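Can you keep this structure in mind? I'll have questions shortly.
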């Protein structure tokens, strides 16, 4: 199994979810994060004090998938999250040793 | 070492923490996340506009543990976080290559 | 590649970012988390009810790096995030199987 | 004047002139013909002015900001602030003069430009017991809240610079004439159209303008697909509370004095708000299964907007009836009509204020009671009044509709009305104002 | 009336009747016997009505919503809104009539149902210088805030439908009779019990009802184990500010005119709030090591609630003493007594309003000064007044306690009082109202 | 007094004394010499008191709390609450007496300690138509907001215990004397220095004290390096709205009655706020590329603070000019001067109130119009008035500057002024008050 972690632009969430559903993934976990990268942020001004806001709002999506699904999932995310503009984000794939569904105790692929 | 990542229902946090303490784990990191899965969300209504809220509030717990502790930790989380209702969450176990305690520079098991 | 995950004190963010830039890392993802560990929290009082707040605000930084950079990155974080006080945090290093830049489809080291 | 002093006057009055004792309001009216300051009326009208100002800032600013997404909260507040700041200055410079001087059927005069000639002892013929300065600023608070109301329909997507031009143009070309027609001696007021505190001048006017603006600017990005849920409805609830309280000054102050009619007006006003809450709540509960807080506050504002034109002409308990109707028709307009017509009136300016203002203006003609406001309505046998009220609605609707359309098109030509896509996505707080809620 | 006009009257008075010049309040009172509208009193009473309304919406809505968890903020505001909306309508339909007409010892009459007969020139015998419509709506604002206060004790767990039934029943069966007993000509007022602005009628009444309701509904899930910390205390601070300011209308308005007594009352009121802040703060600092903001605002409300019955009967500086006592006893009640008795009065309605209202009512009997309110208290040698005050406390306590218990049991029988576990866990905003703070 | 009654008086007046009809204010003034309560003035002054109290709580509490970081929101509110609570008590105990009794050039007397002798019929010579209790509490609201204002400059780093000592010392040793000098019969007022509602006493005074305090305490941790952006500017906008509305009571109430002068004052006040918004907005837009909401509200408060000393002496439209100047000089002070001098006045007490108060005091001397406030200014040929105004500015500046410095040093000696580093980092909410926004 793999844990696919994707950093995306916030307004792409619904599209990514739909794309994942289309490839048969029905569970995921999302966190609000701030991203720093090539995409530049903006400046905020408060009574003469300027603060550069370099960390931009992004969403992190974590999906546990079976090994053979990884490619499809990754491709689905890329195609749904892409705008072609800088800051579209990244996908990171990690090895997932074990998975457990808390409710039933099922493990590994059954747990996803 | 392993990094045990658990997605649980928010109100189970205190119980899970107690269970982990009971098996000798004294550190953990918690994030607020939103989960999508079989558990269905609710609908919010705003002047005629209805929005389906499919992402439900969950907590993500990350605990770094020595290899031989993994089973016990995982079992402790399952037993504490389980309500038997849909949406109880998952446990994911990842390989952890290295750990460092920033304060002291201690590494690996000493760092946990 | 490795995914370096660091838990740090919130006010150390800017220093850590500068240290990472200095070693050639130009991207990272940050989340607000709550940490539980040896550092003790505080008590809040509300009309006679006292609540122990054991989870303290921390930031989690995730940086994907090439294998050969891992040591330098880890050292940079340690030196920037260290106050010497309890609660400085941890660094966890995970194996990263694959990385994709969504915008271009570039993979692995090119994607970072 | 204290009770003691008034007792003394009373004694003097008794001895000096017995008939004065039996003289009633008819006499008082005749005697009152020469303008004469009254401290009590002045005290109430300054308080009423404060209350109405509070309706805009922070009332309306909160009400609106509480219904938008996090990234647009400050920009929404900025619109209300700008409407108050720029609108007030324009009112003093020229608006007041055009709206409230002279006898023209269509527009006033330039007599009070920059308040010239408004000495400390000046008194306006429409408010003979208070200083003209107080009358002027009281009317000003109406003008600025009306412009600020319009902004709700185009929340989340209008450029701030374009909005400033809109404030200026709309205040002078739409609000000022209509205020003159209805209140300043123009043709609608002279014809006998009833509008106690602004069903036409304020609510229908803003509502129609909002509708037109929603069409001209087009829907928000993601309207109908993305979740556009309000960020922090608690702000909207605070705003509603302040609007509601301030409305006692809005309708009660429109009696222009601390009189029993002001008492009647505030009771009717408050009851309409309450009934609006209950009727919207009941309908939503029945229709959707749950009564939302947004629904309750929408019902309150619907009730308040709807009673406004009628408040000084009807009996207090009529407020209950009018409020119940208000909650129902505005609920229908915001949830059914809007979906059917497909426009994106972000904060329902048309559904609440437009529909409410029109409904209330008609109902004023139905419920008016002669002993309260000297005019009988349909229920007292004067069917003509309802026609007159329709006349007022149509005139307002046409002028506000056409005028707003032309104005927006002109502004769009010179200064684009709408922000760039990227700015809308990032949110107006950061893109227009360079700041954000943390 | 302007100074000019009043000067003129004065001259007329001088010439016409020299003795009028020397006549003092005694005469004025005699002369004032026939009811006669006074513009100044009317101006102040309309303003006071606005202030008291602001105490409920948004004041109390904020104060309460600021002390609950995020998931219940809107539902808490909904309760205050509903109490105002439904309570006001019921007040007008029947409540006012039963509370404030007739001479019955126990209850009023049906004379003013739906305000029938309340013409524009109507004047209530208790407030002879203002229109009855203003008196009626002023009293209404008291009725609705009292019901809204009760809701605090059962925050986070009461079904909204059950709460609506509760509002209706409690207003009519508990509030209205007690208001009649104390203010409307009933047996407590006639016996000489002092309650200037509602120590019994409002605060003790709501406090006892809250205590009973907390017992009947049982504690919140997780009470004593989970962290139930307030989500956003800054809302509660805003609410406190608005309550505090509005309280000048609550107590100052209870003088029913713009008189020196109103001046005395607002000074005593404000000082009690200040002293309440300081005494709660000092005790908490000493007892817990830190003075919390929640403590400071609790002290303010405790001081305000406690001075309420005494405010028009005592000297201004008595407010300091009463406020200091208030902060101390309410601190004790909220932190020690509550823990000992083990009930979960979520927002301390009993600890603050119940204990404060009872304390203040007794202290009114201690500090009353004859030259201020025509009644001497214990310190001026009239020990009997303290007994009378106890009598009032006991009567209120019994009726409110037993009545609330019966009412809640009846409602629970027909409509379950408490939400389902799952709904309580998810939060009332989503489960009852279908919306949430983002 | 109703219109009916006043009509009757008028008739009596006519018959009794024809010349009274032609008598004008001169006569009225003479006749008014003996103090005599006026209900209308009392009604307005109680309302004005409520408005000014609302400026502090919740107005200023919100305005300030909205500009700090999340971890200090409650602590910032606590400072305003404490200033109101402790300041009011001290005012009643001794402050009022020292400020407003006697004829001393430098300080008042002990005559009214604990309000002794302030009977129900007491009237203060400066306000002959309202009860002294109302005059006293109205002045109290000024005293407490002034102390609360100072706190803004040292937000985020002052110990709460030290702040309490500061409140007490500053109120008694700085505010009270200056209030006496300017308003209470002291040497500045006698010399003819104009300060209608507190350009010197309130704004310059607080501004200078803030500047000194910022220097004495030193900058916040991370000033100039970390992001210290406000947590929730929407709170600051609400606060601004309430300050603005309340300011009608602040300046309008300073006429001490419901008079045309009050009308003039509120118009000038409101216009200055509006113009301040526009001028700050325009400058920031031009200078930085975007008009921030923080800038708009800063401009509003700058305009309000600046018009304050002039509001009852100038023509309404002068408010526009003064507001435009205010926005510009305060923008410069907050963005350029502060950077140049390098002090960390967290919430710009000096930049807005200090600079605004001084500017407005001078401009009062420029624009004063004899028919409005009996004093001519530079534009009417009385150049001396500007010098007099400078005199007032310098005297205030010296006393407030030196006094605040000494006071802070003394407090620092006994009780450290500043929190520990760790506490500042964690935030004052948790470290000082043991609670937090969730």
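So that you can tell them apart, the chains are marked A, B, C, D, E and F in the order they are listed, and the count of residues begins at 1 in each.
Here, contacts are C-beta pairs under 8 Å (C-beta built on N, C-alpha and C of every residue); 3 or more make two chains touch, one makes a residue touch a chain.
All values derive from a computational prediction rather than experimental measurement.
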Pair sharing more residue contacts (C-beta pairs) when C-F is set against B-D: B-D
Cα-centroid distance, chain A relative to chain D, in whole angstrom: 48
Rounded Å distance, chain C centre to chain E centre (Cα mean): 53
Where chain D and chain E are represented by their mean Cα positions, the distance between them in whole Å: 31
Two or more partner chains touched - positions in chain D: 1-6, 9-10, 12-13, 15-16, 36-40, 42-44, 47, 229-230, 238, 257, 259, 288, 290, 292, 294, 434-435
Chain B residues counted as touching two or more neighbouring chains: 31, 44-46, 53, 94-95
Interchain contacts, given as pairs of chains that touch: A-B, A-C, A-D, A-F, B-C, B-D, B-E, C-E, C-F, D-E, D-F, E-F
Residue ranges of chain D in contact with chain A within the complex: 222, 225-226, 425-426, 430, 434-436
Partner chain A, residues of chain F touching it in the complex: 227-230, 284, 288, 290, 292, 294-295, 298, 334-336, 338-339, 348, 351
Footprint of chain D on chain E - complex, ascending: 1-6, 9-10, 12-13, 15-17, 20-21, 23-25, 27-28, 31-32, 36-40, 42-44, 46-47, 49-50, 53-54, 56-59, 61-62, 65, 73-75, 77-78, 81-82, 84-86, 88-89, 92, 114-115, 118-121, 129-134, 136-137, 140, 160, 235, 238, 257, 259, 429, 432-435, 437-438
Parts of chain B lying in touch with chain C, wherever the complex brings them together: 3, 17, 26-31, 64, 94-103, 105, 111-112
Partner chain D, residues of chain B touching it in the complex: 44-49, 51, 53
